[in-house]
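Structure first, commentary second.
Residue numbering begins at 1 within each chain, and the chains themselves are lettered A, B, C and D in the order written.
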């Protein structure tokens, strides 16, 4: 007892006060380098260039989501649903590790660094690696994570319309960005969770909180995650990676951090099956990428160098958002202007110009939240909400963007303010 | 200077930190008994019986709204709109006094204590009384309050879809009730206000905050202001006043606080023109009403006594809310049950039973918020929002309620737990 | 199960989020009129006349203290200390009811309304009355409340240097007054509690939080509880009660709320033994006192009337605080001035003038907090703290005050702005 | 106007809501790479390894301190002190740039990376570089920064016992670490500032807030800044730098980021006068250091490699704090154990073992805060505070520490869990 007690660790969290790490196994997982790496992955990629407070990490988010899972399970137990200690620990582990497969800069490089591989798949692959190291103690956690466990509510609490992942990241992102109106009533929603037929339902009294959660999520989407400057930032990063990959193919050598280099060469197909590749992956974090960006800023390739310097000095692409697509005419004007001002090849203009669409669906109709009405019956939330046309939330909102540097009549060479070492 | 300085007063406010009373005239108004009375009027009537933290007063709300007006005017000035010190002081006074005409328990007794008179009209009447006392120094404030002043934005900041009144009460009510998800981004909205053609507009970047404000207001409506128990409380209060008025007409005398008595006898028609009546009004506050309720609890009239005891001991009417009206059959069953259980006359059953509708419109289409788009043009918010069908918000949501005591098979006499003095 | 579940109630609290009422018995106690009365007793007496946000009640404080007790016991259980459900419920009830004996305006009228009786003694007497009503189910709670229970830590958590009472009221008072710097680390202190030999100890890592708690308490003492204006308010209230009592003795009749009248006539000696007297007591709340003050403001006795009007219109005694006593000379000058300006009898000047001392001891050496050091030994906090001379905190700080109306050369008759009904 | 208006930028800050950048010159400075670099310098060095929320940066702190300066100057103006727009802008610039000379990891590498140079001196040198670039527009800011300006209160607001630097960092550190009890009443302190004879004084009513500020600062010192694990972290970092410098002298080459390498070679003496050296300095941030640490973790030098891996995987030195010095006996035992367990040379044991003292003075008597008493006279705070023996705060509290890895019987080679690329 005494010994276990010593292992019970408490971590300060400005969002919830304290987070308790409840079991020795979970503490070992938290201490593992795979999880410690999340300390070096920003939760919101480069968004701290827009919201300077948003420097929080995947590490803290994962702990926060685990904390909310503890609250959920404790509330469900108090409502008479039996949950064994084994199930509880497995659910906590599953949620703790759900983001372990994130690339540096989180979503900003998703599917770009290691082409075509989703972070969820990497998370699962790493979970399995860990399970070996921990002698199968993560079996049930993996079962839950893969939604193979019979009591579906565990999986739903990790991944659904209204899960602890979203409940934590909305609160945390709103806290750290300072976007006050993103606040949701997570504590109330958690109190209103119940289980019917092993599925999560929300008691009817919680419906206003759930609606508010949807609206807050939508607000955070457009005000933070898809803020036009953030879209521009992701495009810059994406162009940098594309240029590096292209140079790697054509040229002799490009100076690069070894682990990053190793990742850039990966082909998505076999990546997940290769323990070595996965290990390389777990060595790469935001610091490595930033370090490469600083090295590349000194590269002889003027396109790569310019893009990296722009990012470091925060001379960002200017991004416009519109409900309509941008005309070919407008686009080709910008391309010409880039070519003539920057004295670059036509083909390279694309490295300074991005356009396309972003879209956001607030609510996935197929996974409708189930409401337990006062009379005990179950109804779909879209049916009983009197939020005008909540169904409309199920349609994706799509917006067009165009992103390129504010061109002031000078060549690329003159652009950068920062003098890098030669 | 030194002397004026001494009059510059700072008041602690848990919502905003500090509120500054910026001029000697405003301090005199704050010190006036008409305004000090607001210390004794609860902002949310009896809602603290549901949300025990909600004990805040109209006094603090009025100061808070004035504080937000200061922020608005300071931001507009910094955007290059000239606002004279005289205009500024007048606008602050107008918003400070906008609620001065509230009855005890705020909205809960609106139009019931003094039949058919709206609090806005009483506020105006009192503003005029004060203007006499202050030798016409409130002329411009009254002009703004009555929307007669040419620069319409002053009035709009006091009373419109998106005014400092609402910005303060939503924040304050959400703070004191502890309904976390009611949080709005008032600071951001204020930063996004601008003036075009002397009218308030919102810069386009603020549109998500404005939408969030509408949703939060809707949530507070149904979760707090029209919480089913709150509807029941207002019905109980209303029945008590109705019973007292009926007894006053038929019986000799009913013990009652003199100022309250005086108000109950008022007929709405001449009330506003009669300085004496208005003066009586300014003497009555929540304490007087509670004091009467405690006296009436000992009254010989068993209906009145029972209603008052129920309120004091918090044995409240049970209230059901429904999208559909309640059947006559259901209603008459309840009536019979009340009569037989309470051994009361049929006619008196109505004092224990309320039904009807409540409705809430989140957004008033006629007063659409104007958005200043990035290209400088003005558009109506309902037109450019991509909030699915924000227009639907303009339709009132109406709900049916029914409210009556949980009848446990015993007579009225046995009901009360509290023994009052005889 | 289902039925019990239905009785599990959750209450919104802006300070902690949600407070859970964990058992049916506790819910019955909360619903009892004795406890509901606390809704009508302000936590900080008249301090809302200084800090307008401070309108919170004893009701909410009692619930909050119970909530903290839940956290303490849950933390102690997780550290391996066995605590039975019966003990847990008893401890919660004891803390819930610890303030049930407070007079209207809390401390402001302590020992004055019912002369010489402390609120703790009334609380105990009421606990015993309730125990009868609840068939002895409060036996253990009373045992704990009287510190007769063998496991002393329960009592210490309710009443000691560092108990849940103080932890709640400091947080709550700081929250509602808006005195930001009064913030304490209650969650951390609770995590650091441990039990050795059935006594509460604090783990050494919590020592800085405990010291900060002492300093915050001291700050709240002088900035809120003993704020000079608050001292003046208590003096005004005290003078009013003294005048009424004196008039009651000499005159025929003074209009007064019946329950208040009954209390004023009580002699302290037999009060606690008399069930009738106690019942009268439970009927009196802030509303009754305010109602009386408003009635007395219209009294024919000009001293009483003036004092009451001053309080209602917030024309307060002006109070000076000093490290030194005020000279007899200064005092008699003020007395003369009062007599000549107010045209009152010499003997009555005392009703407008108060002087004396207030004192505050931050730390009671006799009840030193025990610290469990890293090596497992127990030390007294005053011994191991490196807070310079924490021992000095054990000496009371005493200050002299003098309190009287700012006399502007006019008679008492002219003073009041408010015209009361005749 | 319109154009200036467009440059008025607003930045979200979770601590204060919004920070306004008030003038075009200040916006240009914020946009300058020297200032943007602060985005990549953690405010609390490596403390986020202890408090995972503490990921905030010098960038945000500098903006926050500027924001508080705006509040101070605005309050002083409202009290009748004339402050010109030029003075205002200069004061804002001076505080904005006060930390621009911080090394990576802030204080953790102070005087170690560039031996013997204080960050304040680097800040001044960089201020002068910027002044050239901005054509002398920073003259007055520099005059204030160097305390050469006649109106001393500007300097005092930037650097004194109670300056905006401390007011911001205490609030910000407490916010991001989640150490709730570190909360200070900055808003109140700012309201209580006044100016007498061009010096900052505090009005007497603010004395409790100032005392609370001192106590909170002391708490943050021991609970965060000098948390034993934080001391250990600084030692680890320091050992790494020492080892690298030693290897650089003796060996051929050690792989290293170029700018970092350049800095490591600097000798303090001429550093400040050399524009090139300063420019190198402005290119180095936390990312570069982390990148080096990751490279060094793969180094052939097993001491360096082990230290770096320990830091990356968070297998930290264990640190003990004591009021007494550790015995030579204890120390040599640890040394032997390190040598035998790690199979390292005796001389290298010192790279894994640190001991020494840390000390903290809460209050500097020589710079006593001046209090403006109610009667208008000025007194020193230590004289009039009734905080028991505030004078004792002027004595430094010194503690002894010892720091080394928890040795589990295995060699250095086996230690690391992480496999680095070969």
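Brief remarks follow.
As a convention for this text, a contact is a pair of C-beta atoms (placed from the backbone, for glycine too) under 8 Å apart; a residue touches a chain by one contact, two chains touch by 3 or more.
Bear in mind the structure is a predicted one, so any value in this text is a computation, not a measurement.
When the interfaces C-D and B-D are ranked by how many C-beta pairs touch across them, C-D comes first.
Using mean Cα coordinates as chain centres, the one most removed from chain B is D. Our note on geometry: chain A versus chain D, Cα centroid distance of 31 Å, whole angstroms.
Here the spacing of chain B and chain D, counted between their Cα centres, is 50 Å. Taking the mean of the C-alpha atoms as each chain's centre, chain C and chain D sit 43 Å apart. Residue positions of chain A with contacts to 2 or more other chains are 17-18, 179-180, 187-188. Residues 11-15, 17-18, 31-33, 36, 39-40, 48-49, 51-53, 55-57, 59-60, 63, 175-180, 257-259, 262, 279-280, 283, 286-288, 290-291, 294, 312-314, 417-421 of chain D are the ones that touch chain A when the two sit in their complex. Of all residues in chain B, only 1-2, 5, 8, 10, 17-18, 78-80, 187-188, 191 touch chain D in the complex they form.
Residues 179-181, 183-185, 187-188, 208-209, 211-213, 215-216, 218-219, 222-223, 323, 386-390, 392-393, 395, 397 of chain C are the ones that touch chain D when the two sit in their complex.
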